[in-house]
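Order of writing sets the chain letters: A, B, C and D. Residues in each chain are counted from 1.
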Amino acid sequence: MQLGLIGLGKMGGNMRDRLREAGHEVVGFDRNPDLSDAASLEELVGKLQAPRAIWVMVPAGVTEATIDALGALLGEGDIVIDGGNSRFSDDGPRAEKLAESGIGYIDAGVSGGVWGKQNGYALMVGGSDADVARLMPIFESLKPAGEFGFVHAGPVGAGHYAKMVHNGIEYGLMHAYAEGFELLEKSELVQNVPGVFRSWREGTVVRSWLLDLMDNALTADPHLDELKGYAEDTGEGRWTVEEAIRLAVPMHVIAASLFARFASRQDDSPAMKAIAALRNQFGGHAVTKS
Amino acid sequence: MQLGLIGLGKMGGNMRDRLREAGHEVVGFDRNPDLSDAASLEELVGKLQAPRAIWVMVPAGVTEATIDALGALLGEGDIVIDGGNSRFSDDGPRAEKLAESGIGYIDAGVSGGVWGKQNGYALMVGGSDADVARLMPIFESLKPAGEFGFVHAGPVGAGHYAKMVHNGIEYGLMHAYAEGFELLEKSELVQNVPGVFRSWREGTVVRSWLLDLMDNALTADPHLDELKGYAEDTGEGRWTVEEAIRLAVPMHVIAASLFARFASRQDDSPAMKAIAALRNQFGGHAVTKS
Amino acid sequence: MQLGLIGLGKMGGNMRDRLREAGHEVVGFDRNPDLSDAASLEELVGKLQAPRAIWVMVPAGVTEATIDALGALLGEGDIVIDGGNSRFSDDGPRAEKLAESGIGYIDAGVSGGVWGKQNGYALMVGGSDADVARLMPIFESLKPAGEFGFVHAGPVGAGHYAKMVHNGIEYGLMHAYAEGFELLEKSELVQNVPGVFRSWREGTVVRSWLLDLMDNALTADPHLDELKGYAEDTGEGRWTVEEAIRLAVPMHVIAASLFARFASRQDDSPAMKAIAALRNQFGGHAVTKS
Amino acid sequence: MQLGLIGLGKMGGNMRDRLREAGHEVVGFDRNPDLSDAASLEELVGKLQAPRAIWVMVPAGVTEATIDALGALLGEGDIVIDGGNSRFSDDGPRAEKLAESGIGYIDAGVSGGVWGKQNGYALMVGGSDADVARLMPIFESLKPAGEFGFVHAGPVGAGHYAKMVHNGIEYGLMHAYAEGFELLEKSELVQNVPGVFRSWREGTVVRSWLLDLMDNALTADPHLDELKGYAEDTGEGRWTVEEAIRLAVPMHVIAASLFARFASRQDDSPAMKAIAALRNQFGGHAVTKS
């Protein structure tokens, strides 16, 4: 089928390739004219037959403006799909606004990164049954072969919600391996930490794709000497914990993983300064002056 | 090669089968005469040619006594392998005691459960190079086919240590999925929680064997209505956190997973009674009387 | 000085008493005519000489509407003080709206509960220097005697912010005592848990007002048998963790205290159902059916 | 009454002074002859009339040897009191060994630090009723005036146990204030963080002795610029969490406080290196090279 695709960076560009290989007609737009199939959003819309479907794959910071612009150009029966990393709570208001012009809206959480072009992108989508059904040929071509990798999770917002939780779980999984790595590194007994991780890739309870990546990393750099223990966090991790707070879900593990990332970016910890100050006050404990 | 195998329960029995299929001569002993190839430990030892190798696969509670008994029956050049769930700190003293009689000792952490017989058991072993080399034909037959599933982690104790950390990581991984499950269940947007987990099996960062199991469980019982939120814990989880404390490793995630299991077994929480009492004292907050 | 006071419940009523004892003229308004000094907001405003100061002490759910109503009745030079449990982020927008009519705004976090009438209320206020200076006679009379119990924390919002953090810290303090209580209760050695808490009231590092309350509670009910381990949470605890997420502050302790309250209100834990399901899947572990 | 006192450092020396002021006869021994009243342990024992009571107040590392030496010098009816920071689990075996010679044993957790000499030491003691009764004149003089500051917590071991839990709670309390401090420091609204802490000293739920110390520290150094966020931990914090693990007590808060101290002493976090490695592997996320 025909699809408009806005944002042809690493992710969007690969998706265009994968869709074209599957026989779809993709008209892409990007601010970079070398990548773009249209000179403007207007031209993009003009090149598509109504009812149109336009997939937005742009950085979170410009998604809102892009969809607003599309809202002014599209009309009854068209559909906008947001495949970016939007907060799920932005989806409902957007959908309502577009609906005033008869435009449909689907939110699509997309996973797959650099491997997606070849292996397919896992898709978690939210939207009406009718809208999702119309886009199924696109979803089918983007998703991995086989029975997994796609879910219609619920109404508008449910796709980004599922992706958010996916990323929250990812934080916890990564940190579980990370704590195990640190303990093994400190152990006086275990002398072959990369070998231990490598061995776990078959026959164990902890085998996973992340474990495979851990093996890759340790094969290249057995003690991870070349890396600093520093990690950014993305919106999804924070939103997951915010949702846990809103819905009264105890979330010790994912929250701790998030807090550990915060701590990794601090040169010095104000909280621990306070601990040092208190210890100094009550016990005359030796204090390390900064 | 020839191997003595003590403990022919579900795990030991399957291991005997797998080893025999691979062409090894296994002489088994079990307290249950229907399963046993020998009437006594003495007879077991008598049936094996020196230098002997005897694998102990018995419940943790009787491992020490079994190995002590073996120590009295075996001699110079024999090897004992403990494949049970011993605490790594028990291995060194055992090995020293056996060494006084010239008996070697290998500790083997074994993973694989009910699937091991067919797919192979992941093995993490600790011991001297010479002892491990002698047992390699057995390890090769027990482990999964392919390049993974076996590691010689270090000297005596390192095998159980690696298995302990494996289980600690397992706690954290499971709890990350569990928190994600709870949040999705509470969400007003996501209407197809089993479908979300199922979709994650391909193309995502969180795909893993545990996720496959989660899919199986949710396919059978979409809201897990038939289960109580109750979980035992095994020694390895506790030992992992104890080691973190000994080695000053921050272990928020695995510890939180362990504490959550503790809490799951409480009818009422004494700590939360204290919170209720304090709230009652300072604010006249409504208190739910038990 | 003259003060209008809206909301004459337990808290507001006691504050009126304390202010009148200090010689201030308080005109109170409450929906309950038995408590009220004015028949309506309009009458209240009419009874006060300009420039007026009106303290709003109503439940969080009606604060916004009350202040909106006041905004329509007041004018240039008047001041509204919100002494309720508003989220700090509501203060700025309110202040801006009132400023359009020349009305000032102060947010006041108030602590003290049932003891406040006699001992004074701790006040954390946010607002302009001029506005705060004008209200100082009221603050001086409400606060405890002595050098503590009052702070001008910063501009509008800072008062509620400081109160929010106060409550977040309170969550953590309470839970630290609560965990200690549970451990002592489970100990085979300590036979006099109430006596231990009682003894700590002098000469220790952990002495505090909350400890005094813990002693009171344990004196009345040594094992807290009469209480259920159940605790509500108020907005401030959640907001504190939300702010930690926004500002990238690692907040393991206060978040864990909040999560424990969430868990205390669950009949069964969906997360632990997931753990039970996984254990069942991979190990044939005994599962407690619900 | 007469008391032998071994260890005349800052703590022991002050206790000797306080006991002498109360009219007791204290014979002290210290390795430093300038402080000591006896040239040797033998001479110390010789200077005391049977039945003797000897208080041991030495660093944890030499407590065992000191008590062993005393065991050889004392006899039927004598009592040894260990006032040091021993692990409670050492008390039972010690008491049993001493009991073979008819020597009694009391374990005393002591709190009070540098303020103890003037204000009294909080005492948590474990031992038989008869032994504790005999030492009550000493306890009465050491403890603070008033009704608090002393508890006979249970049999041998209970005193150190209660002190251990006291210190565990202390970790949690300190960290709650510390997290609050960090959040206030990061807030754009609160401009007077020391003033906020100072104000909390009266009329609030969070008032405590630790809060007073926090005020002192912030008065001297408003942003704690002179301190590094670094904190040692003592045995009691670790033992508390170990006991929680043994007794299946969920202990999120105190454990998190302990882990935060571990993290404060790391130049770089191996766990966060693993997170960085995984992020690098799966997403080509920018990684900060060390």
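Worth pointing out:
Criterion: contacts are C-beta pairs under 8 Å (C-beta built on N, C-alpha and C of every residue); 3 or more make two chains touch, one makes a residue touch a chain.
None of the values given here were measured: they were computed from a predicted structure.
Shared contact partners of chain B and chain C, listed by label: A, D.
Ranking all chains by how far their C-alpha centres lie from the centre of chain D, first place goes to A. With centres taken as mean Cα positions, chain D sits 33 Å from chain C. For the pair chain B and chain D, the distance between mean C-alpha positions equals 37 Å.
Among the residues of chain A, those touching two or more other chains are numbered 113, 175, 177, 179, 182, 186, 205, 210, 244, 248-252, 256, 259-260, 263, 269, 271, 282.
Taken as a contact graph, with one node per protein chain and an edge wherever two chains touch, the assembly is complete, since every chain touches every other chain.
The part of chain D that touches chain C in the complex is made up of residues 88, 111-113, 115-116, 119-124, 126, 143-144, 146, 148-155, 157-158, 161-162, 165-173, 175-177, 179-180, 182-184, 186-187, 189-192, 195-196, 198-211, 240, 243-244, 247-254, 256-257, 259-260. Contact residues of chain C toward chain A in the complex are 205, 233, 238, 241-242, 244-246, 248-252, 255-256, 258-260, 262-263, 265-266, 269, 271, 282. Contacts from chain A toward chain D in the complex involve residues 113-114, 174-175, 177-179, 181-182, 185-186, 210, 213-214, 216-218, 221, 224-232, 252, 256, 260-261, 263-264, 268-290.
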